[in-house]
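Chain lettering (A, B and C) follows the sequence in which the chains are written, and residue indices restart at 1 in each chain.
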Amino acid sequence: MQHPADTKRILEAALLASQEPLGIAGLKQLFDGEVSAETLRRLVDELREDWNGRAVELVSLASGWRFQTRPELQPYVEKLFPDKPPRYSRAVMETLAIIAYRQPVTRGDIEDIRGVVASAQIIQSLENRGWIDVVGHRDTPGRPELLATTKKFLDDLGLRSLQELPPLEEIAKTLPLEPAPAETAAAPDTGTRADAQPAAAATNG
Amino acid sequence: MQHPADTKRILEAALLASQEPLGIAGLKQLFDGEVSAETLRRLVDELREDWNGRAVELVSLASGWRFQTRPELQPYVEKLFPDKPPRYSRAVMETLAIIAYRQPVTRGDIEDIRGVVASAQIIQSLENRGWIDVVGHRDTPGRPELLATTKKFLDDLGLRSLQELPPLEEIAKTLPLEPAPAETAAAPDTGTRADAQPAAAATNG
Amino acid sequence: MTSAFADRSAPVARIYGEPLAEMPHDLYIPPDALEVFLEAFEGPLDLLLYLIRKENLDILDIPMAPLTRQYLEYVETMRSKNLELAAEYLVMAAMLMEIKSRLLLPRPPSAEPQEEDPRAELVRRLLEYERIRKAAAALDELPQAGRDVIAISVWIESTAAGRMPGVRPQDLADAWRGLLHRARLAVHHRVTREELSVREHMSGILRALRERRVLEFRELFEPQRGVAVLVVTFLALLELARELLIEITQAGSFAPIYVKLADAASG
């Protein structure tokens, strides 16, 4: 069972069976450490190639590789799993964005930026989702908790690192009301804009 | 996305993504009923061929089709998931629930409630596990066996008596049910849809 | 993919189902709509950004007078309708008025030439909030595992010696509920613990009869277990008889009552 072809088959079976992303360490374990990391990487790359053009893809995430359905299949996913989690409210997403882009932050920081009291419920629900956790305490009175995003957050959003977050935009000094809808639609690819603020992305190292 | 090739790719993704076996009814629902049962069967057969000898195989079960790892790869895959407990399919769970809550029941009773032919395989596997047994015969033509849960069932579930099972809403005893539900659909609540295909469910034995 | 965020940038609110494109100029808003209007904003910064956009104001050189007036009119309207207004809105009102008054004060010609623009802090906060607001929208557009994409996890085929699937009592309840939903049957009554107890005894009696074929009526009762068990056993017998699973016979008055499996006669 240790021909390269078999190794690849075992790899494929393990990746298809695992709901969580598998990293090199996990994959090595499959073969009791007898297959080198380079070989594993090469075989995983081959697998990604093999699956090219299918409705399921092998993606590279923060904690490793995982097979998942392609985003274009979303309408079918909805039919298959009608009780999938709903979209989060703006309040939740803004809180998440502050933690993701400004981490580590305290609840106070979140309140300062949003201009409203940070709801304990929102933080709780993001914690329950496994997307954020407490990474320490700020050395100020009350020793408030410092919140940061987790690997699972990156995995679930299809990212390998925080650097792959959509870059923060430089804000135009006049904020016209008119083109707002278009601007929301274009949001995911703002990274290609020349005016994206270079410094902003770097602040979340 | 509606070329036959695309249909096949979507089928493949749906079968890979679903934890439960998918039957014809569930697959039809995926395409809003626009792909015929024959086409679906043909494509599924093609997929089984395609996957022949690969890391995972598409198997045909009482309630539909499911991808699963090949038995010979199991020792490898198991290293990664030493405690990933296997799960019973919905068909098994429902059969067990009916026997537990409505005992003593015949296979006919189970069929009436589930709206599909009771699989001999399922009953056999529950018997083999020592969770159900035959406690008598109903004095009707054919003298069908009466099934009930055993003490081992209670022990394994950590119950002292059936009374400790969660209480539930009752299924109306007036059978047969009018809509044979979308038995094979993957998601637990797809049955809540009014448009479930009545006849299709029973067709994939 | 339409995002929840897109709603915000199109109509401001919906009144009786009709989209409200912008606030009426006379600021008259029906009270119910006002509440909807308030809910459309995530807080005072969000409201301020809306007002700035609406008037196409330069965020780096905000004319404080009109902005403050508009904001206060809005807040006043809310208060006059006795609608609950988050404290943050009032804090912001105070801040706006303070900035406005500081701008009105004549500056000493030479005292502090480097004095910061009183609006600077507000502008900094508005820009930061706007940036986060957009980032939140962009994050929401990323395909999310569980929502937009499904992580593949195929069934692991167990070997013969493999472990058996685990089942919890709650799984059974869920399976039953699934049946109910699928069948779309009206929910009338519950399987009570009492009823389950009867069914448990039905199985027990059948088991006993399978071994002994015929039992005397009183052999089926265990008086030492209390009245409740006696009653349940009796109900179980009645139910078994009703379902034609057992036969209860008695040769004559006061003769022993026998219970046997209904199929024992023919089988």
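Everything below uses one rule, namely that a residue touches a chain if its C-beta (ideal position, glycine included) is under 8 Å from a C-beta of that chain, and two chains touch if they have at least 3 such contacts.
No experiment lies behind these values; they were computed from the predicted model shown.
Participant: Using the contact definition given at the top, which chains are in touch with both subunit A and subunit C?
Facilitator: Chains in contact with subunit A as well as subunit C: B.
Participant: Which chain maximises the distance between its CA centroid and that of subunit C?
Facilitator: B
Participant: Based on mean C-alpha positions, which chain is nearest the centroid of every protein C-alpha shown?
Facilitator: Central chain: C.
Participant: What is the distance in Å between the mean C-alpha positions of subunit A and subunit C?
Facilitator: 24
Participant: How many angstrom lie between the centres of subunit A and subunit B, each centre taken as the mean Cα position?
Facilitator: So the centre of subunit A lies 34 Å away from the centre of subunit B.
Participant: With chain centres taken as the means of their Cα atoms, state the distance from subunit B to subunit C in Å.
Facilitator: Using C-alpha averages as centres, the distance is 28 Å.
Participant: Quick one: which residues in subunit B touch 2 or more of the other chains?
Facilitator: Touching at least two other chains: 16-17, 56, 67, 69-70, 77, 81, 188-190.
Participant: Which positions in subunit C touch two or more other chains at once?
Facilitator: Counting only residues that touch two or more other chains, subunit C contributes 150, 152-156.
Participant: So in the complex, which bits of subunit A are touching subunit C?
Facilitator: 16-20, 56, 66-71, 73-74, 77, 80-81, 84-91, 93-94, 96-98, 100-101, 112-117, 155-159, 165-166, 168-169, 171, 173-177, 180-181, 183-185, 187-188, 190, 200
Participant: For subunit C, which residues count as touching subunit B in their complex?
Facilitator: Within the complex, subunit C touches subunit B at residues 150, 152-159, 162-193, 196-197, 199-200, 202-203, 206-207, 209-210, 243-245, 261-263, 266-267.
Participant: Where on subunit C does subunit A make contact in their complex?
Facilitator: 1, 3-6, 8-10, 22, 42-46, 49-50, 52-54, 56-60, 86, 88, 92, 125, 127-156
Participant: What part of subunit B is in contact with subunit A in the complex they form?
Facilitator: 1, 9-10, 12-14, 16-18, 29-30, 54-56, 67, 69-70, 73, 76-77, 79-81, 186-190
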